[in-house]
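Each of the two complexes below includes chain A, the first together with chain B, the second together with chain C.
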Partner chain A sequence: MNVHMKSVGAARYVGERTPRKEYGRLLTGRGQFTDDVRVPGMLHVAFVRSAVARGRILGIDTAAARDMPGVQAVYTQADLAAVPVTFQTFFFTPAEAPVTLLADGRVACVGDPVAMVIAESRAQAEDAAALVEVAIEEETPVVTIADARTGPLVHPDRDDNIAAEMGDEDSREAVQPLLDGAAHVVTMRVRHQRIAQSPMETRACLASPEGENEMTVWLGCQSPHLAARYIAQVMGLPQEAIRVIAKDVGGGFGLKNIPWKEEMAVIAAAKLLRRPVKWIEDRFEALTASSHAREQDVTLTVGFDGDARLQAAWCDYACNNGAWPMGEDANVAVHMFMWPCYKMPAYGFVTRGWYTNTMGLGAYRGPWAMESLVRETLLDKAARRIGIDPVELRRRNLLYLTDQPHTSTLGVPVEDITPGECLEKLVANVDFAAFRREQAEARKAGRYLGIGVATYVEPTGAAGSMAPMTGETVHLRVEPTGKVVAMLSTHSQGHGTATTMAQVIAEQLGVAYEDVAVYEGDSAIGAFGPGAAGSRQGVIAGGATWRAAQLLSEKVKQVAAHLTNASVEAITIEGGIVHVAGAPEMSRSLREIAEIAYGEPGRLPEGAPTGLEAQYRYQPPPMTMTSAAHCCIVEVDAETGFVKILRWISAEDCGTVINPGVVEGQIAGGLAQAIGQVLLEDMPYDARGNPLAATFKDYLMPTISDVPDFEYLHASTPSQTIGGMRGVGEGGCIIGPPTLVNAIADALSPFGEIEELVLPLTPARILDVIEQRDVSGTRAPAAEAKSAAPIVEEAPLVEAAPVASSSIDGDWAMVLKTPMGPQEMVGHFDTVGATVSGYLEAPEGRQEFSGGTLAGSQLRFEMKVEKPMKITLKYDLLFEGDAVSGKCKMGMFGSAKVTGTRA
Partner chain B sequence: MKPAPFDYVRPSSVAEACRILDEAGGGATVIAGGQTLMPLLNLRMSQPFILVDINGIAALKGVARVEGGIRVGPATRQADALRDETLARHLPAFTRALGHVGHHQTRNRGTIGGSIALGEPAAEMPATAVALGASIEIASVRGTRQVPADAFYVGPYMTVLEPDELVTGIVYPDWPQGHLVLFREVAQRPGDFALVGLVGALALEGGAISRAGIAWFGMGPTPVRARQAEAALLGAERARIDPHAIARAAVADTAPFDDHHASAEYRRTVGQRVFARALSETLDLRSAA
Partner chain C sequence: MSEHRIELTVNGNRHIARVEARTSLGEFLRDTLGYTGTHLACEHGVCGACTVMVDGDAMRSCLTLAVQADGAAVTTVEGLAQADGTLHPVQQALRDNFGLQCGFCTPGVAITMAAVTRDNEGADSGAMEEGLTQAMSGHICRCTGYQGIRRAIRQLAGVSA
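Moving on to the complex of A and B:
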């Protein structure tokens, strides 16, 4: 099938800057956001939140609040426990920390919801909430990653503060000799600040019980389908019990991937009260109590040969998960996507997520973006160190189309990525040599200009790899009026899907763009899709609409051919008119055809269904790669440390561009967030665990004055999907930060290196480099820097009482906690002297081993497995009486914990 | 984010406003433009029993020439003051600084008196009043008084204003025709409060500095008058002024603090630098730049 086939003579819409269908509604204040919805009898919620980061709740006195005017209920977890909710992650796996709707006996961060007051107005609810007295016995909080390594437990029932981990210190053994032998070894440490997601519309939920067991939920979300599925699943309700509506949503970014504690508490309260209940998060809550993002501490070390070619790399990554992450995360994607666009022979990593007593971590536009930031800033540092142009260094190491197919050392295959081609397009459009002359002249005058380049690839349009990442569906029909209606699985929080999908349909069907109406934003419309998550809707739903419109076109042609005694091949559709080749007098409007198709079945071909409808669910290739190269030019004021962005050029390859305006809007929005992250935004915590930026006076969002006019170059290499699109939703937020940091570092190069990148690069931190002293007062003390070095965290093996070797013989019921979830199995061991053989048996089959060694009560053995890939599993178990515990090293996937008891 | 309950009154005269403030016994708060107070009310960081809206008091609005100076009514909108030709002609430092207060939208509502009475240490208007030698007119049922601006501020958001008192005017003394404006503000985004800023006026007579009024903002718990720099400038021949020495003297009067936007060391370092640059540019000391 030629996926780029166009209807003959059809108007071109794909590739045009078609005005957005959403403009009129949104720009005249007629959008329908959750807070615009009012239902009769609606009540309002105010949450009582913990002012203490860590501690035990001694008592909650709600008596005074209950007596306040308008108050209908005051709930604590003891009340909400009547509505069981088992929280899951976005991937529909269990949340590991025991997440409850409201605090259950303990508080784990400032802002933790402790009680909820439900009243006839929000003001009344807030008045009463102020009277709820919460007594908490405050304990020393765990605030930073360093605290988490050594401090008390955030969740008392867990063994340590490690929320998730992958990779392995041992894998350093493989790369260390290569690093030792490298001509140049360059290290980059990045300390990324904590980000408050700050969508323009804060979180919002209105839950309205209907009938016996049903509920309509208006929700600020990224997919009503996913939200409905999530709510039904975590509450153990049937699918039809929950309908989620989200017509307009003012930004999601990952924060609204799933409903979290507050939204689920509102739904539970509505169920208990049997009244509609609304909660609109205020900006104070949004900044301090919505899931935060980033806060990572990363050290990357890379070896180069004498020709500046990559030899090997090692990375130690840690991120602060907070207390209640929306899915425990060690961010393995950082490592998976660190090198697929480069020729990197060897890579090892260890990566951990840590629980702390801070607000939980959520996904944020390009959650793995750290790979581009640490890699691209390191490459520029290396270029300066080696004395080679940064563009040339990338040319020597990037994968061009002629180098593909290629598989990265971590097994990521690429066959059509174009980071090199994007870089060449950039270089062809930006006169680097002229800039270097201008830069040299400016320096003589005491002006410091800098240019930065960065390249990357990004996985987009993922489908089929994880539970929610599915294909997308379009239901399409020509109404009896001749107008076209599309019902989509997509959702827009500003993504313009109603526009881009209508463009595809109009072009493929041969109708006017204005005659296509797109419906989405309601779980009762369309079909399952995870919505705006992972830069996927243009890729997958674009392919679905592309194909569905072709299918519908064929139906129209069959009816028209039958009516006119022509062949199907002779029929064309253009501008909503159906033409017959060579017989212009036979032309009919789509409306005439539709009226017959719906109302006069006798005139249709034998056996043809009535109406004009088509449906297509598109399952694309598992992943579609997007590439880009960006360039930024800045001037740094050496007196004040201020950065002015003079020019920013994006050369991206998102394949077929459906609407350049929408694509450029996505890139610009991501770049604005990038500028915020590099220069302005910061959510610091004090030592007691208080968030310090509680209003927009202190949390500095980039404004229109801080964001330049961007220039865009589109490379447009079609992908292998129907339509040839590639995702572009997250790219700006991923490649923007290293591009800007590299430009600043280039400007600062006469003064010195940004040895350690601490974000944001405030004017004070820039003066640190210019003046080579601690102006900012935030340069990391040497002692703290050491704590980020790879540390071996072997659990100290407790000297257990020696057990007779034969006592481990027999069957053990064991659980292996893999990154994909816990796996139950039976372990059988037979000892002969100090040698052990046996097998592990799981529902999938039995795997035998031999040659294990038993030393005292410690058993070590290895087994090779083929699936999901060839790796050697190394078990290290300690037996104590009837209990066994230890870990299993799983190659690059790191270590998994093993626990068990005698069967 | 809803304010705690309060009563609302809208007096039509200063006397009526003073009577309400007196009867409230400290439980009343005055609202003019509300650009700071409304967020504080919504965050419940301010919980008055009575909100006294002074927007209906005509006597508190407008700009007028008075004996020896210009009187600005505290309820005058910042946007109106920014367009005022009398202020622009006679007090260019005032107009220059006012252009950095907030944004177009907030200046349409925000007032001069609101900014003066709030006492945000990193704000432009309090420092401008200190630098230009303004005095604050204050009324209460107990009578009226005048307080020099540099005695008005006692700490962050703290002034000598008693709970029963109302600011009724800010009187800026005349400065000689042709006096020079000293202004520089370093803020992370346009419209933000300053990391460090300075504002002042310099008058020259026969090639020497005859009058100097300079104050810092963002450099201490209150606006900070650069007294040592003023003293060093007074009587100095323009051509002989060393801007770096004056800047060092100016910073010596400050007491900046650390916050998560900038360190005290940054404020001192950059303050001294921008002071020297602003001074040499204002006095056209090309050699020193």
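Moving on to the complex of A and C:
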């Protein structure tokens, strides 16, 4: 069932498997990827990188490199310091780690860029880079999360190795009694390996200075608009100074959300040299020195009642942030989206990101995907433990449409999600009973089949609650030729936005799909939008084009009605022809109308603007949820531990499907990455901090023989957005891993449980379960890690010396560490006796409070805020001389650290 | 650096050039001659993106030196379609079946498929499907999960899906 809003034109394009507009150039070798662009006088960059994970730079000798043929410059941080930069995160908040373009006195990971050589050819740059001598006094590195808890500081100027922290140990007190009283308590620990995002086109940047500040940057990115704004802000330039062009990009997957150290260094070098400078990352760099993803250690404990209904849950989450994360991240989204699709009465968590001397953390398709992996694998484990069918266990706990509206324990409201309905659709299309019979027969013959199911919801199309996540604008016009042109800020790294947007426009306007051209991929086109990030373009840009095409259609009709003396209601547009009801002889082509609208303004209705143009900026609801249930069937070879995937069925609900070929392509791509995560891919580090997968022979990408044919069921419940779309870009990569793990665990159930899930599930790790011994050697190092000293908590605050109450009066410069980055503010306090009033002031505005209480040197007060959502902030601060520290409880977001000094 | 004079045809066009001995065929095609349709994605022979035909054989242009192509007839993805723009059957099959997303792996995929379909011309559907699928195991695509590539293979082999 595909439901559309009333269609204006007769031809249906929405819902069709229309071949993609981008194919014309991509199939014939005529795309324009960054490395395909050449600019006269262009120079090439090769980076000199640290071979040491942690240490102090004693010296960098560039003399020999400078003498090499073709070399134009060799830069170290001392040179690039002439171009001041302040790195930001994807959220446009300041990066907290002291990120510099090149290493500034210290190196913090293997692959850290230390120097850059700029030469007339790439080969010359690489030859010379090999001659740069870097002397480093090596120090013991902090490599794992366990190291980070106890080891030396990754960034010497910081208090500890905690990069980001949310949640509250105290909330365990509320959850623990419920767990203690539960009939069944099940725990799942997942240790997720480090992933290299590995788009097939590596990172790429060509910066061409034009004039004093202006620069054109061809960049491998996910949004030219976001990249242009980011570059301008980081360099302190006016935004219009930077134009970013990215016509074709060979995959992004989150890695290319923002330009990072190398791309910014290239831009800085071009500015210094006043020459066009290009850098194309090689695969060794892409694997070992592009930002990485995942690497988490998570333990979830869930209590069920005697009927297998969820009672309470507690989660302890840790994530390796590396040295230079593209935004310090405790991944609070994992917790926010852990339970919105289930009836879960109580949930608490602590969540931390840790700095280590490894490559920094970047985004990867569904950065919060751990919630589905740990929850869904735990549910299957619980089903086996309790002795209930895993589908039945989900049925008892999932949300169905009849259960909504509903608000999760952490405050996420849901009103139109369909995880239950997706599961029913899946069950109706897969004969589980027949499979169980086949499985029983196969086991007798020594063959181990397994079936796995997983369900989830995913937030998509977010807009309005985070700085970069905005609405979308479309500029649309009928040209004087009668052809239609759309200018959008969408970006495709394979997403096919030029296609899907043209389908929407053609249908809503009543023109042929072939007559619609979509321009995108250039920050000079369209308005600000973050492009491909957070499964949003189909939802938001789709809604914008939908409405803009309707507005343009109205305009055409008004002109046509005026020209034919008909009423606007009598006009229809079909196939590019404008018809008048009951007067077929009055039909005219869109071109005729357009020629008049542009060329003969005197014939237009009085006061009507000339031309045929429309513009619309769509601000969708803050979040649109997509649901799905997947099922996978595997056979595990008990001799070798190899897994063969026999069948995979997806039942997803992404609302209106604009192009099933594109939607299924997104799901399939995500599922292939999921298969890679579960079975193949791994970026391990050795104890000295060396990344060990340097080629595609070590880093195993899924190939055609690893991925089965996927089957699709589309539930298509329209969302509340214009057009009814829901996002689908990330889902496969979120629900895929637990689906596959559950199938493997089911196949292995005659042998035992996967007690602790360590990814990837290599054949050796599967033999661990089959043979019930440590074949893979995974447990040995794990035991070591466990015995590491516990987390070093900050010194208890109550020890601080009391201060006289009056001494807190006045202004304090404070910093609140929010999930989106640090928020600076001024706190002002006035004390009367033990009662305190005052305000907190940030650039966004001032918020007053009263009724605070001061006990000794401890101040407690509350403050209600409306944005980004309604929550009560509870501050608990301790003053010590001219310093203040403490925490702020932020409702569903848990606790955030507050620090500050007297202003 | 030793330089060598080489002479070759690319998609039927004659080229004479001087190249360093160490220059790969892929770099030479892209940077010297401007056939940027050939993509370099790993430069160590695993991903297949750089595949071109050298005297009719599919070869990894990242592992082939330009000097090795002296005297050869090279076909790149730009040379697959007919002069009037009619797509080669493998391009058409990839187009019909959503066989690509970002398109970065596609030039190599298309060239290998073109070489394999030609080598297996007249073979039965099963052998054609098998040959193409096996050849595709030497190509990495990060975007598509190989679904459209597999459907394109079936279309080329005349197997119903």
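Here is the rule we use: the second predicted complex is superposed on the first by the 772 of 903 C-alpha atoms of A that agree within 3 Å, B and C clash if a C-alpha of one lies under 4 Å from a C-alpha of the other, contacts with A are read in each partner's own complex, and residues count from 1 in each chain.
In this section, a residue touches a chain if its C-beta (ideal position, glycine included) is under 8 Å from a C-beta of that chain, and two chains touch if they have at least 3 such contacts.
What you are looking at is a predicted structure, and each value in this text was computed from that prediction instead of being measured.
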| item | value |
| --- | --- |
| When both partners are placed on the shared chain, which of chain B and chain C touches more of chain A | C |
| Contacts of A:452 with chain B and chain C, given as first, second, both or neither | neither |
| Partner chain(s) touched by A:123 [first = chain B, second = chain C, both, neither] | both |
| First (chain B), second (chain C), both or neither touched by A:55 | neither |
| First (chain B), second (chain C), both or neither touched by A:327 | neither |
| A:348 touches, of chain B and chain C: first, second, both or neither? | neither |
| Touched partner set for A:703, first chain B, second chain C, both or neither | both |
| Which superposed partner A:886 touches (first chain B, second chain C, both, neither) | neither |
| Touched partner set for A:493, first chain B, second chain C, both or neither | second |
| First, second, both or neither for A:28, with chain B first and chain C second | second |
| Residues on chain A lying within both footprints (that of chain B and that of chain C) | 123, 282-283, 695, 697, 702-703, 705 |
| Residue numbers on chain B that touch chain A, as the complex places them | 1-5, 39, 42-44, 186, 188-193, 195, 258, 260-266, 269-270, 273-274, 277 |
| Contact footprint of chain C on chain A as seen in their complex | 17, 19-20, 22-23, 26-31, 33, 35-36, 123, 198-202, 248-251, 253, 282-283, 492-496, 661-662, 664-665, 668-673, 695-697, 701-705, 707, 709-710, 732 |
| Contact footprint of chain A on chain C as seen in their complex | 20, 22-23, 30, 35-44, 46-47, 49, 76-78, 80-81, 87, 91, 94-96, 98, 100-107, 110, 133, 136-137, 139-150 |
| Touching residues on chain A, where the partner in the complex is chain B | 122-123, 126-127, 130, 282-284, 639-642, 679-680, 682, 684, 692-695, 697-698, 700, 702-703, 705-706, 762-764, 767, 771, 774-778 |
